[in-house]
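So, here come the structures, one by one.
Two complexes are shown next, each including chain A; its partner changes from chain B in the first to chain C in the second.
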Partner chain A sequence: MEQNIDQAKLNYMNKRSRKILFIVFLSIALVMTAVISITMGASSVDFQTVLQVIGDVFVRNDAITDIQRDIVFKIRLPRIITAILVGMALSNAGLLMQGIFQNPLVSPYTLGVSNGAAFGASLAIIFGASFSFLNFGEFLIPVFAFGFGVLTMFLVYGVAKVASDSSSTLILAGVAIGYLFSALVSLVKYLSDVKDLPELVFWMMGSLSGVPTVGIIIMLIAITITMILMMWFAWDLNIMSAGEETAVSLGVNYKKVKMMSFGISTLLTAVAVSFTGVIGFIGLVAPHVTKMLIGNDFRYSVPGAALVGALLLLIADTIGRNIIAPTQLPVGIVTSIIGVPFFLYLIVRKRGK
Partner chain B sequence: MKKHGKRALKWLFCMAVLGAMVFSFGGCSSSQGDAKAKDSKDGITVTDTMGREITIEKPLEKIVTYNSGLTDILVMFGAEKTVIGRGDSVPNPDPSVEVPTVGKWNEPNIEAIMELKPEAVFTYAANMTPENEQLLESAGIKCIYLELTDVSKATEEVTALGALFGNEEKAAEFVKFHDKYAELIEKKLKNVKEEDKATIYYEGYTDYKSVNKDAGGQALIDAAGGINIAAAETAKYPEISDEWLLERNPDAIVKLVSSTKKIMGFDLTDEAPIKDFYNTLIARPSWSNLQAVKDGKVILLSSDVGTTALGSIIGELYLAKTMYPEQFKDVDVNKVHQELQKTLYGDDLVGIFAYPAK
Partner chain C sequence: MELSVNDLKFGYTKKMLVVKGISFSAQPGQLITLIGPNGSGKTTIVKCLNKILTPTSGNISLDGKDVKKMTAREMARRIAYVPQFTNSYLSGSVMDVVMMGRRPYIKWRVSDMDVEIVLAVLKDLELEELAHEQFQELSGGQKQKILIARALVQKPDLYLFDEPISFLDIKNQIDIMELARNMVEKENKAVIMVIHDLNMAMRYSDQIILLKSGEVEAAGLPKAVLNHVHIKTVYGVDIRILEEKYIAPVYASAVL
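The block that comes next holds the complex of A and B.
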């Protein structure tokens, strides 16, 4: 008996070390990808120039121009950080949603947050001139997108609360309200002038360029706080994966944790979408990839999914920036083109096993 | 061995899916003709932007238009009363009458058009299906595509419109005005060698969205004697890499400002919002290092004088003066615009069309 317990402990420790090793491996892969990414771009700033620019921070190098310095520090670096943060935000939002709804098809966009945010952005883009009195300047679009994203969450929750408060009602309400906002976006598009349409269409495809420093700081704060909360409640979330009855019988405050998860995923999605537009696929697939590789334990899948999401989005954006440079491909297109075959490969491989 | 074969098969499958996705992107193009006009005993014959010959018996008196650029020309001809229906983005051409709207700018409402019984409909060719065109033609309504979006075709198109609306004199005046300044640009740039030509970054209404050689903006740049740095891109309206732009370091930058922003254009005279817009533009990462910014060769251009008939005179001059300030130092473009307004429209110019003023 004691021997069996020891064996089980050993197995657990082995699995645990494997998971930790995997997270360490992902972290190294992310750092390496970031290093490769910072040396690639549409300009001639290559690996050697980047090294010189970094060296220039410590010892002045007159061969380095202001433009080269800015390309590394003001263009590539913020964009790489944005890709990492948005990838983490969308992936963790998806992980939580799939966990609390126990539904593999759920993504951060299922509850209509992105449609609500898109509607807010479309109002700001098409009727921006009418809101000039608000004095939001370049933050008009992010503020409107975030505001309507969060408003959608309250609407969905309100409708679900009035009905039965079950997970399926929440999903149904989210999908329905999402359709409503999607129709409103179409209406705004329909009413818009030809001159404004490209900006809206472009926003809907997602872009990681030009996110202001304030935006990056906001995303960083949101991700740090929500990841700490998710890790704190990881055990509760694990138990909740077994269903409401089991969780309640084991003493988990099911409603509280569910509400918190719902709020966290909405916040993460709304923050990411408001600065970068709608970037699909990452929030749906990154959690699945993580779970396929290290299982469902939230203590590991939270950092794991964050790293997988960041890695996928960073790779997609690096490709988008370089494949037909100097023209940039919208990142939303690249995530699907490279991500879907990779995802299909994982599914095929898993079934093969 | 068998395992390897299976793995290869899986990879092949994945690559096939990826390939299918990539190759499913397609493109289409259309060739366009030059607009021309000729009178004959049988009526008036013009060639429209798509190269089709249009013959009408007498000048048009009742039309529906989905082309907002046409309104300017009709006002110039004094023919604004011919408009009995308009697309939603077409400004009301005659303030004394509320001309009804008959559908969205890119979706002509055939039923509503037929009800109004116009002699002709002016739309963009891309927005009219062959079936709808046939329906309208069978009801005796001509479909005419004089798009006014390519400045290199502006004089032909305005001449054709002059014939169609029975105001060939005004059209000729426009052409004369146009040619006078086209010649001026040519004369001023005669001695600029090919290798000394100014490079320019042309940005549309969306940040970092430029134009390639096939887009309307290229004709504007060509006419002003510039070299479009994004001409060789594959996409017609490519999103240009910010770092590439910094490295290309163009000699000049032009940014088109949509009239829907309501900061530039006719009847807008407050400089403060335009100044804010301009300062935000030049404050983009590292733009202070760009030669164009250092030399003050950055200009905001209202869409009214962009890729429009007016742009073929005023827009070209603004661009030319931005790129070659030395050669054009004796040309006050705003004064030319005022003169144009007075000569062709008979009233005073009110509004801001370029910033900083040239």
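The block that comes next holds the complex of A and C.
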């Protein structure tokens, strides 16, 4: 019997080691994908040239042209970093929401944050000139998108609080208010000048290009802080996935952690959406893929989901940039076209097992 | 450990009280069952004891200390709650589920001691074979036992059970009741259990509290509480009490 316990303990420890190994594997895969991605694009800049361009920062290399420098540092690298950060943000926001609501269909967009952000962006795009007194310059769209995204969350939470404070009320309020903002976006489109429409349509498809350095830094800060918080509260989040009664009886301050989770999820979603537009699929599916690979324990699934989200979005964007180059497909279209069959395959494989 | 409940009242609105002034106490080595018809306030009382619900008024104290002043973690080290398995949205392996019970002691990292405690409890309940199975793939009886294992690793003084045997077959019902009895007799813990089966309540309880519409209709030793008069008053059903020596373990059957 003693031997059985030792064996069971060993099995438990081995499972833990396997999860850590998986996270290491995902990290290596992400770095390798980033390296491959940087060499791919409409202009050919091979791996050796990339190394030379990076080396040029430290030791001047006259063989490197300004165009090559710009392709690596001003176009591809920021875009790759954006893909990684947005993938991380949306995936972790989805992981958190699915855990708190105990609902696998919930995504970062379920509570209407993306619709609110889209309305904010549409106001900024269509009526931008009217807001010139705010002096936001190139940040007008992100600021409006972020502001309306966060406002939506407060609206949804306020309505749910007045109604019953239950999870299902919150989801219903989110869906309803999301529809309202969606209708308002349509209204703005209807009232807008035809020449402004393409920009709005393009924004709503999501794009990882042209995010300013400040935007990347803001995303990096938001992801770092929220990941630390999610890791710190990992045990509480694990237990909250089992429902409020279990969580309270096991010593979790349910209301506090729930509020914090909404805050984190909204922040991650609003920050990502405000700089890149609405990129679907990642926030719904990356958490599922992570849970299939390394289980539900937030201590491992938080870094795991961040890496899976980053990897999926980076792969999708790299394909989108190259498949019909020089034309670039919006990343949101690629994530769905490639990701859905992959996700269905995983579901079928899991059932088969 | 002594749990003391004084004039406990609870209502979802101020005008409509579900629990209307309940008082009782529980000591170590006691199994107390709360019985009564649906809607009589049994589960609500248990949820108030565990701070899942906040009482409208009244006082609940543990060793003289008001539970309102206890932190969530402190409460979880003293009181464990065993929900009905049908209310569990748990996923993950049996080890993962039972390990949750160590949450009041774990800061972040699961120590070797935590793993050993979990495995020892699973072994005691003869469930060690299931350690790496998925919780959702178990039978109802197994799930209920796993939830009890989770409560056991909390190492509390008081266990609260909410209808643990309602959906189980007779073998699993007896297993669960024997487990609760063991906690009381061998480990000198206190158990408060919400239950519908009057026969099981009669057989396994030290004290029974019979509730009707949020009030105590009768409380005390099983034989004193479960009689024709009380059952007729509370449930509106005529019963016949049978002696154990004739039909064991069935004591009371309804006269239809």
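The working rule: the second predicted complex is superposed on the first by the 349 of 353 C-alpha atoms of A that agree within 3 Å, B and C clash if a C-alpha of one lies under 4 Å from a C-alpha of the other, contacts with A are read in each partner's own complex, and residues count from 1 in each chain.
Going forward, a residue touches a chain if its C-beta (ideal position, glycine included) is under 8 Å from a C-beta of that chain, and two chains touch if they have at least 3 such contacts.
This is a predicted model, so every value here is computed, not measured.
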* With chain A superposed, do chain B and chain C clash or fit? -> fit
* What is the angle, as a multiple of 10 degrees, that the CA centres of chain B and chain C span when seen from the CA centre of chain A? -> 140
* Mind working out whether A:Asn296 is in touch with chain B, chain C, both or neither, as first, second, both or neither? => second
* Go through the superposed model and pick first if A:Lys255 touches only chain B, second if only chain C, both, or neither. => neither
* To do: Mind telling me which of the two, chain B or chain C, contacts the most residues of chain A?
  => B
* To do: Considering only touches as defined above, state whether A:Ala234 meets chain B (first), chain C (second), both or neither.
  => second
* Once the shared chain is lined up, is A:Arg349 touching chain B (first), chain C (second), both, or neither of them? -> first
* Structure fact -> Across the superposed arrangement, the tightest C-alpha approach of chain B to chain C, in Å, is 25
* Structure fact -> Seen from chain C, its contact residues with chain A in the complex are 47, 50-52, 71-77, 79-81, 83, 87-92, 95-97, 100-101, 103-104, 106, 108, 112, 115-116, 119-120, 122-123, 128, 131-132, 154
* Structure fact -> Listed in rising order, the residues of chain A that touch chain C in the complex are 1, 4-5, 8-9, 11-13, 15, 102, 232, 234-235, 238-239, 241-246, 248-253, 295-297, 299
* Given the complex with chain B, which residues does chain A contribute to the contact? -> 41-45, 65-67, 70-71, 74-76, 126, 128-129, 132, 137-138, 190-191, 193-196, 198-199, 202, 207, 209-210, 321, 324-328, 330, 337-338, 340-342, 344-345, 348-349, 352
* Structure fact -> In the complex, chain B touches chain A at residues 6, 10-11, 13-15, 17-18, 21-22, 88-89, 104-106, 204-209, 230, 233-235, 237-247, 249, 258-263, 273, 276, 280, 284-286, 289, 303
